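Chain IDs A, B and C follow the sequence of writing; residue 1 opens each chain.
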Amino acid sequence: MSKLDVDGLVKRFGGLVALDGVAFAAAPGEVLGIIGVNGAGKTTLMNCICGIYRPDAGTIHLDGAVVTGMAPHDIATRGVGRTFQVPRVFRRMSLIDNLLVPVLKRRAPDRTLIEAAEAMLERMRLIDLRHNFAEELSGGQQKLLEMARMLMPEPKVVMLDEPFAGVHPTLCRFMIEQIEAMAAAHTTVLLISHDLTSIYRLSSRVLALNQGRVIADGGVDAIRGNPAVIEAYLGS
Amino acid sequence: MATATPSSRTADRERADRIYFTLAALLGGIVIVYFACVPLLGGNLAFHFYLMLWITMASGFNVSSGFSGYMPFGYVAFYGVGAFTTAILVKKVGMPVLATLPLAGLAGLILALLFAPTLRLSGIYFAIVSLALAAICRLVITNMPETITGGSFGLQLGSHAEPVLSFYVMMVVMLVALGTILWLSRSRLGKALRAVRDDAEAADMMGINIARVRLQGWLIAAFFPAVCGGVEAWYTNVVDTETAFNTLITAKTVIYAVAGGLGTVTGPVVGAIAMVWLDELIWRRFPLLNLLILGLATVLLVLFLPRGIVGTVLRWRPGWRRFVP
Amino acid sequence: MEILVLNGIVNGLVVGGVYALIGMSLTLLYGVLRVVNFAHGEMVIGGSFLAYVLFHAAGIPPLLALPVAAVSFFALGYVAYYLLIPRLARSDDPESMSFLMMYGVSIALAALMLLLFEADSRSIDYTFNPISMKIGPVYVSTARVVALAITIVVSAAVGLFLFATLPGKALRAAIMNREAIQIMGVDIVRLSAFAFALATGLAGITGVLVALVFPAFNAFSGPEYSIIGFIVIVLGGLGNPIGALLAGVAYGLVEQLATVFLPQALAQIVGFGLLVAVILFRNAGFMRWRVGR
């Protein structure tokens, strides 16, 4: 059974149809790349899955249960985490506190949670900055902090929105390793990017969106040679 | 900084906590001893009563503005409603004053629940709506039958004045407020509130029920000014709409809290102490200029010290953030 | 009854014109600078006191006080802008902090007027000849008719300026997109200073009209006008000058007609209630609701 199952998803903004019957499924441990030009509906799709937008039609299943129309915090509690195109950290909170936010509802004692947060910061190489405010980090460090915060509650599905945009190559390599580690831990990874190289490297399967529709869904090689994808990217 | 191993990190954390709680206990102890001695040693009762009142008001305001990110420019509404609740219950129902104080707080909570829909607004819209709601409260109470609210003469509490007892009650209220905020700043609710303040949508996607968290913060922020209103009514023995809903009460609360620095426990306390003292000094020397200087001080604060006294110090010394309550 | 209603309509137009001017100034300021001017009411009352002083100390009639108020307040606004606004941009939360700062300015201005003129209500003993006019079946004081004429002329001038001149178009563009206009090579600081000065100048004019239209004013009348201004700009849509104009007139009409049927205090409550309702159910309300449910 797949972790995430999206079927017939439609989202309209006024007259604009942002998503037009998007359907796909993603299994645990899979890195599903989602590609498409600006305005293809990638971010809208993500916002629907995590509950920020209420879809006009269609369903989203998580582990067999319907989550469509649930509030974002309920969907998050069910194991969906994400990062943002432009990092959205809690600016005037320490890094430790940033990581504690997604696990505040856990019953575990504070001390256990703090130690878990410290371990996570160590993994993300941010441990020496743990008492700093998030606003004091560089752009790349904020991306790592977001990733750490996303992983804290051990989510089943994670969605990464343009994780490599504007990131230094060294950091880029480090983030790729982290994503591979997530997949190895049986997390379902949705990777949004318009940078095809990183997608081709990480993803076993790629979903190509254009004007709110899935125009191709398949292995990397199939997508690379797909005429519809080439046309969407290069124009006719 | 020793960060190499988990165990050294634990030791480091325990040391920071020790400093934090020692500081909190030390400052709390000084405050308790100082204020407890005022009536015993024949100090200026009125000055210190109002000092405690403003510390409580500014601290309560801080829960809303510093922790949750809302600037209620109609904060006086809670104070005024608390004052009238106590006055009406004492005068018209004949309850003992002390018993009315929790009910004054309850009235504040009820008012906060009525205003809760405004929490979905943000920034300037919230500020303006809050202002208008306070004006509505004042108008409604002003226009209630004179037999209930005493009309323009207000309500005299009569023979219930007990300056020293009400002084100590004010002290208890202040200590409860400070204790609550000390707890809040380390609690999970406090972290959730700060997250919502910094980015509500992101917090929502991190599993925080933002509507519930905001409401909880809002109720805490509304409770204390309402009790303050009740205690002050008891202390001065008279309540009328002109003073109980005076916008200057909001103004002073906001200015004192901002002067100290929003978002820390000590900020509003330091701000209230500094500004009340300054206010008294100016009041004595130039009674006519008092209001003018209050206005100018606000402008200067916003322009030159927007983070307040404590906030500015912590900006210079970020390492101290772990130790300063 | 009909006479009362007609009277209410005429007075509503007169008073609404004053509110429209306040609303237009506030909305310009918010649109261009993102500053909600809490002190606008005090600036208006400052204009009233200027007219009062000019008449009682120098015998200058209110109509001649108009240009004096406009020019002097414009200049004051220019200076005030450079003293107050540029530093604000550096704060964490410029919008709320600007509100707080203008709150301080409002307290300081009210205190200053209190020092200069004491707490008594003042009015200008100037009368036009004839003292009142008959419009249809109702009598209206000439002062009010003159005030209405001035509001129409001033708001038409502002409208013409905003829609038919280059600097006016720049202001409107700045309201729509503050970032884009800077890329287009417009000096946003100078434009903002001009907007602030323009709004202050309009406050001066409004103040003279307030002295003509309303029976009296005092140092503490300011907040009333500021709050009405907030209601008007919210009703008209923040940053929309024409919306503010229409909302001002509409609010004036509703207020004056309400006083025909309702006790004064209740009419005020209705006004504030209207503000709360409009903000909650229209502006930003629905957008935030989804997130805040």
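The working rule: contacts are C-beta pairs under 8 Å (C-beta built on N, C-alpha and C of every residue); 3 or more make two chains touch, one makes a residue touch a chain.
Worth saying up front: this structure is predicted, and the values here are computed from it rather than measured.
Of all chains present, the one whose mean CA position sits nearest the global mean of protein CA atoms is B. The highest number of C-beta contact pairs joins the chains B-C. Per-chain Cα centroids separate chain A from chain C by 49 Å. Averaged C-alpha coordinates give centres for chain A and chain B that are 41 Å from one another. If each chain is reduced to the centroid of its CA atoms, chain B and chain C end up 33 Å from each other. Multi-chain contact residues of chain A (touching two or more other chains) are listed as 52, 71.
In chain B, 201, 204, 210 are the positions where the chain touches two or more neighbouring chains simultaneously. Shared contact sites, meaning residues of chain C that touch two or more other chains, fall at 291, 293. Per the touch definition, chain C reaches chain B in the complex via residues 36, 84, 87-88, 90-93, 95-101, 103-112, 114-115, 223, 227, 230-231, 234, 263, 265-266, 268-269, 272-273, 275-276, 279-280, 283-285, 288-289, 291-293. If you check the complex, the residues on chain B that touch chain C are 71, 73, 117-125, 127-129, 131-133, 135-136, 139-140, 142-143, 200-201, 204, 210-211, 214, 247-248, 251, 254-255, 258, 288-292, 294-299, 301-304, 306-307. Residues 50-52, 71-73, 75-77, 82, 84, 88-94, 97-98, 100-102, 104-105, 110, 114-115, 118-119, 127-128, 130-133, 136, 149, 153 of chain A touch chain B in their complex. By the touch criterion given at the top, residues 1, 3, 6, 9-10, 13, 188, 191-192, 194-195, 197-199, 201-210, 263, 318-319, 321-322 of chain B touch chain A in their complex.
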